[in-house]
Amino acid sequence: MKKLWAASPLTYLALTLAVLLSITPFYFMFVVATRKLEVINAVPPPFTPGGDFGDNFQRVLDNEHAAFIYGLINSVVVSSIITLSVVFFSSLAGFAFAKLRFRGQNALLLIIIATMMIPTQLGIIPLYDMMVNFFHLDGTLPAVILPFLVTGLGVFMMRQYASSAISDELIEAARVDGCTTFRIYWSVVLPALRPAMGVLGLLTFMEQWNSFLWPYAILNADTPTVQVSLALLSQAYYTDYAQVFSATAVATLPLLIVFALFGRQIIGGIMEGAVKA
Amino acid sequence: MFSRWDIKYSPYLYVAPFFVLFGVFGLYPLLMTAYMSLTDWNLIGDRSFVGLENYSALLVDEYFWNAVRNTFAIFLIATVPQMFLALFLATLLNRPLRARTFWRMLIFVPNVTSLAAVAVVFGVFFRRDFGIVNYFIGLVGIDPISWRTEQWPSWIALATMIDWRWTGYNTLIFLAAMQAIPKDLYESAALDGAGRWRQFLSITLPGLRPTLFFVVIISTIGGWQLFTEPLIFNGGGGAILGGARREFQTVAMYMYEKAFDNLQFGYGSAVAFALFALIVIFSVLNYLLVRRSVRN
Amino acid sequence: MISPILRKGASMSVTTRRRKFAVVALAAVTALGGLAACSKKDEEAKPGEIKLVVDHFGEFGYDELVKQYESTHPGIKVEIRKTAQLNDYRPLLVRYLATQKGAGDVVALEEGIITEFKANPANWIDLKPYVGDKRNDYLPWKYDIGVLADGRLMALPTDVGGLATCYRSDLFKAAGMPFEREKVSASWKTWADFIKVGQEYKTKSGGKALLDTVTTAFSAAMSQAGGDGFYDKDFNVVADKSATVKSAWDTAISLANAGITAKIRTWSPEWTAGFQQGTFAATLCPSWMLGIVEQNSGAANKGKWDVADVPGGGGNWGGSFLAVPTQSKHPKEAAELAAFLTNADSQVAAFKAKGPLPSNLKALDNSDFKAYKNAYFSDAPVGAIFGSGAKTLKPLVLGPKHQAVKERAFEPQLQAFEGGQVSAAKAWEDAIKDAKTQGAF
């Protein structure tokens, strides 16, 4: 039995190949980002990084058309606000669904599960109309933030986690002590939910960092998010790849750092999320 | 007095933000899409109600069907190999490995990148001249392929991009499901003399059934909405056309072209709603298909 | 139920130290989130200062001029917003105008799109009260395009697109062919000659292509034929019956059939690489293209490019105007800026910077302009090359969606034919069909 499932050198070889495929594009990106423009046309491409990152990135900064730094900051703002909002509202609603009793509870939960299947991206035309003609927010960051402040997935994740992580007795005891419901949420539920909130927050942040279609439609070139800015850089009249790659490297680095720090939790969260599918 | 109120109404207060925000920014736009698809509107001026006119035009709109075909083809070329590869990698990761987390993280890391960055980098890999992919296929004697202008090559290039980003993610999902399968099932099967392949077919695969549903549905929903990769991959001006003869224009790109480039918001809504219908239909179809093919 | 479910499990529980770190990280992110939203436009002018935004596509050569303007006009700040491609610029501008906000104070309108925007005069201020009648300053046909039917001055002319050919003299030399600009000009008087030179180059260079793509030749050939071609006088799309379109199309097809093009789509990653690596040895150059050739080719290729005459005679491809939308909060200042950017001195300066050929008569007569040699292009006397024909350019009045018909109907089909994906007959048929959709007005 043990022999049957043991990891052979062949297993490691196959995994190594897969990992090489995984990281080659990243590596290529960093090599081009740190070398002179000409290497982009070298075949085969060079293997080691160079020392020109500063020059390349300076050209990104000088490129007014792409407004990359603005894009970077805007993305941090947008992703952070959405992340905080999703985590907060999800934990609040998840707590209510898991630990409180109210009429219509099950029906409402079913609705939330159903919303997870709806590709809301398809509503962007009326959303555009709404932002332009009703809220007059086109070209501003609230226009990209507002539609994503809550997600069904987040509520559902929190509900599942709260169900198993918090005992009913604990809630009851708090009630007997005279705690208000919000007090219970704040001092009992919130601390218990923290690990799941961390994972939800990281996943939400990464998803929002990569959001493209809606920002591309509603934002102007002078208020881009980082993805829109990258698209503008790569659609320029002439493409300076050393410049574009140094920008993509900078746009990717925060995600890689977050992943290096919290990769274990992110992976755990994704795998846990899948188990009871 | 307060505490009774608190117990009775607090739950509603807590779930209300979701329903209010989702209602305004999620549900309402979707319903409005259905309504707007019955009108003719160019962002300013009156919306004239035209009934099903947009849909009858859509039915005979060559470019719409072209986009449907492209999107479906890219989805298929991307998803099928991806499922097999992810299953294979998951079985590897499911073995007792040294540095387990290390392998998992590196398999997953493509998912943690800027979407635009993927498209830009692969756009360079797939250049006709001085592209690394053509360099490698040149080593085995194949002529350079014009990835950006020919239909099949462009589909394959885009599928590669999608697979690079999502195979690792699905591997982890499969891995999680595999680990949830009780080990004693394998042990008794081994005692009965079942080999590894036999065990995979009769224990692992049936155990993965619900997960396969999940992954296929999620891939379907994501696949039909494909937008960023082909747009950036195309590059240059008028990228929204997805190739000179719309070789790889997806339905989402066509919707964008109609609504935001041509300002035909009514017709664009019809495209969006048709896309919604396609997603529903294909999710159901895939669900049935997977259920049939992975039966106990 | 098909849904991801989160469950408490071993891998979920984080150590306390890690948890603390997560909280700190979240706090840091929150702090960053407190930063104000970032927009270049939000960099509001200081009290008493006026901020003007100039919208244009591609390269107009205004960077230095704007700095100069700011220094001579205290209290005015100017920001330039460049959209790379005209193809992407037009839809944005249409949306800005439709929603009555977002447009710059001064916006560039290319000849291929200006007619469409003239159809809604209410969107544009009359420049005349601010800048006066400038008819005598510019090429008359060019100036007239910017004038509305009721006599209001909607737009001031920037440049015209006089034609030439940019070629790699080093590659010609390496192939053992005549490489001096006079000899090269003499070698391709007609498009048929051009094909012969292309075939010779192909043989002598070991199979390399002379021209980047047939679409650049198509644009040049269309402008040589003159007139519109895509539209009749009532703005109906008549591309299928137009002799102009047909002859340009046939020229393009013959170039593709002769196999002397590199089959590279303009503005694509392959195009950029081609400039840098010498994949092709020539491209058709309206004067505004000079800056683009230079940027694409990069400093490493300085002195390798040169400029010769265009096969098939002179013509006008491209060229733009500046207008002020009524939504501008500072119409007076915007109009004055537009007048500054289009005056004789500015047009000469822009020409030196990025190549756009002046339409201002004084600029064309300017001795500095006439004597100007472009160092990047092997000191080619570009002032003389482009300037000599400028005053005799044939008037062009283009239909409302000329640019969309050209770039979204005809060029894609030509590229597809060139790439071998479709027959010439089918390409023509589809181009005509797409022209009707794209050109609908």
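As written, the chain order gives the labels A, B and C, with residue 1 at the start of each chain.
In this section, a residue touches a chain if its C-beta (ideal position, glycine included) is under 8 Å from a C-beta of that chain, and two chains touch if they have at least 3 such contacts.
No experiment lies behind these values; they were computed from the predicted model shown.
Comparing the centres of all chains, each the average of its CA atoms, the largest separation from chain B belongs to C. By number of C-beta pairs in contact, the leading pair of chains is A-B. Taking the mean of the C-alpha atoms as each chain's centre, chain B and chain C sit 36 Å apart. Inter-chain spacing, taken between the CA centroids of chain A and chain B, is 16 Å. Residue positions 2-4, 84-85, 88, 99, 267, 269, 273, 277 of chain C each touch two or more of the other chains. Looking at chain B, one finds that residues 43, 123-124, 130, 210, 213-214, 217, 235-237, 239, 260 touch two or more other chains. Contacts with at least two other chains are made by residues 40-41, 132, 235, 239, 241, 258, 264, 267, 271-272, 274-275, 277 of chain A.
In the complex of the two chains, the chain C residues touching chain B come out as 2-4, 84-88, 91, 94-95, 98-99, 263-271, 273-274, 277, 279, 407-408, 411-413, 415-416, 419, 421-422, 430. Those residues of chain A that touch chain C in the complex are listed here as 37-38, 40-41, 64-65, 67, 69-70, 73-74, 76-77, 80-81, 83-84, 113, 116, 132-133, 138-141, 153, 156-158, 160-161, 164-165, 194-196, 198-199, 201, 205, 220-223, 232, 235-239, 241, 258, 261-262, 264-265, 267-269, 271-277.
In the complex of the two chains, the chain A residues touching chain B come out as 1, 4-7, 11-12, 14-15, 18-19, 21-23, 25-26, 28-29, 32, 40-45, 89-90, 92-93, 95-97, 100-102, 105, 108, 111-112, 115, 117-130, 132, 146-150, 152, 155, 178, 180-182, 185, 206, 209-210, 212-213, 217, 226-227, 230-231, 234-235, 239, 241, 244-245, 248-249, 251-252, 255-256, 258-259, 263-264, 266-267, 270-272, 274-275, 277. Taken together, the chain C residues at the contact with chain A in this complex read 1-9, 11-14, 18-19, 21-23, 25-26, 29-30, 32-33, 35, 37-42, 58-59, 80-85, 88, 92, 99, 101-102, 267, 269, 272-273, 275-277, 292, 295-296, 298, 300.
Those residues of chain B whose C-beta lies close enough to touch chain A in the complex are 2-3, 6-8, 10-12, 14-15, 17-19, 21-22, 25-30, 32-33, 36, 43, 89, 92-98, 101, 103-110, 112-125, 130-132, 135, 164, 168-169, 172-173, 175-177, 179-180, 186-187, 190, 196, 210-211, 213-214, 217, 221, 224-225, 227-228, 231-232, 235-237, 239, 252, 255-256, 259-260, 265, 268-269, 272-273, 275-276, 279, 283.
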